[in-house]
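Below, each structure is written out as structure tokens.
Each of the next two complexes has subunit A plus one other chain: subunit B in the first, subunit C in the second.
Moving on to the complex of A and B:
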């Protein structure tokens, strides 16, 4: 627009520009709009589509029926309630089965098994909890060492060494675990030297392999937050506690550990969520008995061809994630 | 009895730092041993890849000369790699710009529904990739978009924005806004203030966010797997190879991927300080 010929117009333009610039909402709207659009259209809308599908029904040829008369909670029912039981019966069966499984000894409280889907769901949650506990037990002492004992000048290097594998390819690292665990590998041959281990044994395609893979991939997410909370602790408090008669263990347990709790909680949620929702790790390292809910969901959209059931499974998994985050926030945790 | 236990406990903690050092060394071993074994085995002179038979560089030479080694076709690998780079580059550009703007909006403005919106911003990072991938697949199916590189970029940006926004927002929290006011008082307009005051100060945050978005896009397997149709990226190509079993060709490709990515990240961290 030429300045001389359109003086009046540009004067009005400038006024308008001034008004728009002064408006308190302009900045917010301009900065938010692109991301809000993208997340709305390419993240929330797809989730909504999937949510809708989870109320549908599968037709005779694997197609998805979404007419009004087909919509309902039948997929969720199929997921949670075994054939021929009421909802209440399913709750009891599942609880009894959980008690039977978690507490050793044969109580045989459950007369019938819950659905295979429910068992798979709890197996995935179990994997998540186990991976979290192992990461904590193995990672906490290390974070403590890096954050408190290691010489100041090495701290950054040690932290970078923890992060570095996380940046390197996920699949390649899973493959590396595969190399270590397969028959006749270096590690397995070393194990075979033990008296009670047979030659040519493999740990691949087992539950152990899946757990090892989960811990291997996600342990940096435990170490880093714990490290950053330990690094901020004022360790003169420990001396104070010991001056007041606590021994080293008590000083740690009552004074230091509570202060590192935010890091532990953040680390736990960061390890639990991706572990429980894992798909690739059980796919590549696990066998038929070590598949998880993620594999089930993928199967329903692939070979099993039952999209509505897969969609329902996905939203059950999302529910577990949301519950764990809610528990985390109730415990005083903060996102980010 | 009790006091003996207490003494034992305390003395364990007394000698704690030695134990902790050993433990730390063990975890580093755990993190790096598989990678070291992988790189070593890529020089292994054996068709059956896991048992050490002697040193050779013949797999590398063969692959670099374009020969297929044990089903691994280097041309296909290279194409997949180029696709990955292209997708990651596009993802970084779009999500760094949008994500930084988003971080500003979240840091500077109060608006109704902000808490909910912030939750939505975190979701792509948190939800299982399998859910994200499949829901995008359903969505593209419904609106009738042809799957390919384009849809992969769209999906990657959807989580890239969140990663960038979270990292940049963390940086903005420590940002001293009086600097901007000073610049404005001295006559700079919004754009000049942003260009000469704000941007230089938050650059490390934006750089870290961009690096994260690049790595997440380049490395993503699950989301891409569902929405890229017939095209290949490096992780998808690699997954296909791994599915068929361990072989010298896969070892070489894996070793190259891990050495190159770790070297690049190490350089980036060297310049930037630890980033996560």
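Moving on to the complex of A and C:
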């Protein structure tokens, strides 16, 4: 008897659960509640606090002043506008400096430099773009090989091999690179055997080391989406293109590559965002000139004790990330 | 042996006004409204024991059943730097006082400060802030004044550390635990037997590309300021500017700014000479110690540099105030203090402990510098809003 009624009760419960879940309104609540709670409490709420902080001011002891008279855009102003310049002046200085830096030859446009924060921000974006481009150049052929050329029975194995580095901690792998690049390591001693390379040379503490670290850590995020795009391409189209007179390169460029583009776009976003915001890699592999915006933000929350400026920096960086995602979507990407 | 109930913290004051006889409360003038956590069992160690007898000094033994007596609680929550006392140190205290101690670790003052700020000071009873952080914590009412009568071993401190510029005034909020310096370290295997006496070494082109400075605003700016002959706590814009220019000039000679890997870089002969904290330099020294010597040297430049002292302080909302006092008194004991220094190789502020400290440590000028060098050392002080001048300069150096 007891068992029976229990069964019946749980049957009714199950039915009820089904009905609740299927209902348009309650269903949304039940299904979304856990993730909404998680994101709300651990992501949105802290983010909102930080956003609020970014309008505050620093007290004499590094505390955050949030009284009404302290609130304002001063941290953002400080981030973007060099002392003694108007907002327009800052825009001009920044643009002129960017043109000077990016295009070689013109060295005279900017009379003053933008703030160190802005320079740092663009340097980080530069690192991000460079890491993305290198990941693409190295990762695309690999993804192409796994998705198309490799025998089917090995494909899964190769994909696992791409993911394999994630089995070891990120930090451990960065320290491993440190050991490889430092003077008198196995790798550097091998290099020293080459002509024109001095004994005891080191690649540590350089921009190269930072770039190497970024590419090494994030390249799987380029390979995997590209691979999944390429795997779905119907390669008979390539044959058709070649039948109609395209050579190998044309067939690839006009037929295959466009179809793998969604993967390339997704991979680029996945590599660019963590690279531009990197903190640990420049910290451990970089030299005197490889500080990135992530290190600056961490400094503000740590030893510099200037939370409002750090928060403002973090939101500027987030703005850059959102812009890059917007660009990606305009470029025909689909985030799903 | 009755101990005079002479001082009290403000929480006790709030608790005891109108209730217990608050006889002999002094030093409360100008107290700036503390926060009352509403816990139990706090209070000053006011029951008995008048003199400074050592060993297990504040054993309470009072008769009262709750509140205001000196009964040591059976729990203590400590927030401490990593690897800062020998193995078995905590369990020794636990056995002697019958207190169960839980220890959490942090790796920077700011980390500790942020943790207390975010979760309230009631999370921990005893913390170990460095000098300037004592000042910050005190200003923000996050630590409470100590009952010196409960610290029978307080007199063991050397005169130099009994007075503390970071903790001025009648009431004490902190007790020095260990101290050290920052200076220049180098590996002889890498640079040979060079003579280092001045900060000038760190600007010597001969060592271009193989040096590093600490990745710390006040330390590295401080080194440059000292080299220029200024105080490392200066708030003069022109002096800070000058130090900034000097550090930008130095940048080409450096491999990196680094404050976590320098001991490894010394040991593995990657970088030398480098700007180092004494503790890290000694760690490298012992790591490479063989047949009675080590290639690692550590020098405090003649222009002087930073001296720091880590202290013990009791949080404003501590739940186990008496146990915390007992813990402080425990490490102030001469033999216990020596034991810690013989393990960490940091200087001990404990003068009475010197009798038990190894001669190797005591006679080592880079741990216990001579008086003249000593007089050139400065604490990093909290300089309020001028901190922004330093961090701006630092940012410009980093992105120059």
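Quick note on the criterion: the second predicted complex is superposed on the first by the 309 of 336 C-alpha atoms of A that agree within 3 Å, B and C clash if a C-alpha of one lies under 4 Å from a C-alpha of the other, contacts with A are read in each partner's own complex, and residues count from 1 in each chain.
Operating definition for what follows: a residue touches a chain if its C-beta (ideal position, glycine included) is under 8 Å from a C-beta of that chain, and two chains touch if they have at least 3 such contacts.
Please read all numbers here as calculations on a predicted model, not as lab measurements.
Q: Does subunit C touch more residues of subunit A than subunit B does, or is it the other way round?
A: B
Q: Between subunit B and subunit C, whom does A:180 touch in the aligned arrangement: first, second, both, or neither?
A: first
Q: Should A:318 be classified as contacting the first partner (subunit B), the second (subunit C), both, or neither?
A: A:318 contacts subunit B only, not subunit C.
Q: With the two complexes superposed on chain A, say which partner A:31 touches: subunit B (first), subunit C (second), both, or neither.
A: Only subunit B; A:31 stays clear of subunit C.
Q: For subunit A, what residues appear in both contact lists, the one with subunit B and the one with subunit C?
A: Touching subunit B and subunit C on subunit A: residues 178, 182-184, 284, 301.
Q: For subunit A, which residues are in contact with subunit C within the complex?
A: Those residues of subunit A that touch subunit C are 58, 60-63, 116-117, 119-120, 123, 178, 182-184, 202, 204-205, 284, 286-289, 291, 296, 299-306.
Q: Sort out for me which residues of subunit C touch subunit A in the complex.
A: Answer in residue numbers: 108, 110-111, 113-114, 117, 136, 139-140, 216-218, 251, 254-257, 261, 268-270, 382, 384-385, 387-388, 391, 394-396, 398-399.
Q: In their complex, what parts of subunit A are in touch with subunit B?
A: Of all residues in subunit A, those touching subunit B are 21, 25, 27-28, 30-32, 34-36, 38-39, 42-47, 49-50, 53, 138-139, 141-142, 144-146, 149-150, 156, 158-180, 182-187, 216, 219-220, 223-224, 247-249, 252, 273-274, 277-280, 284, 294, 297-298, 301, 307, 310-311, 314, 317-318, 321, 325, 335-336.
Q: Which bits of subunit B are touching subunit A when the two form their complex?
A: Where subunit B meets subunit A, its residues are 6, 9-10, 12-14, 16-17, 19-21, 23-24, 27-28, 30-35, 37-38, 41, 49-52, 97-99, 101-102, 104-105, 108-109, 111, 117, 120-124, 126-132, 134-139, 142, 154-155, 157-158, 161-162, 165-166, 169-170, 190, 215, 219, 221-222, 226, 235, 238-239, 242-243, 246, 250-251, 254, 257-258, 261-262, 265-266, 269, 273-276.
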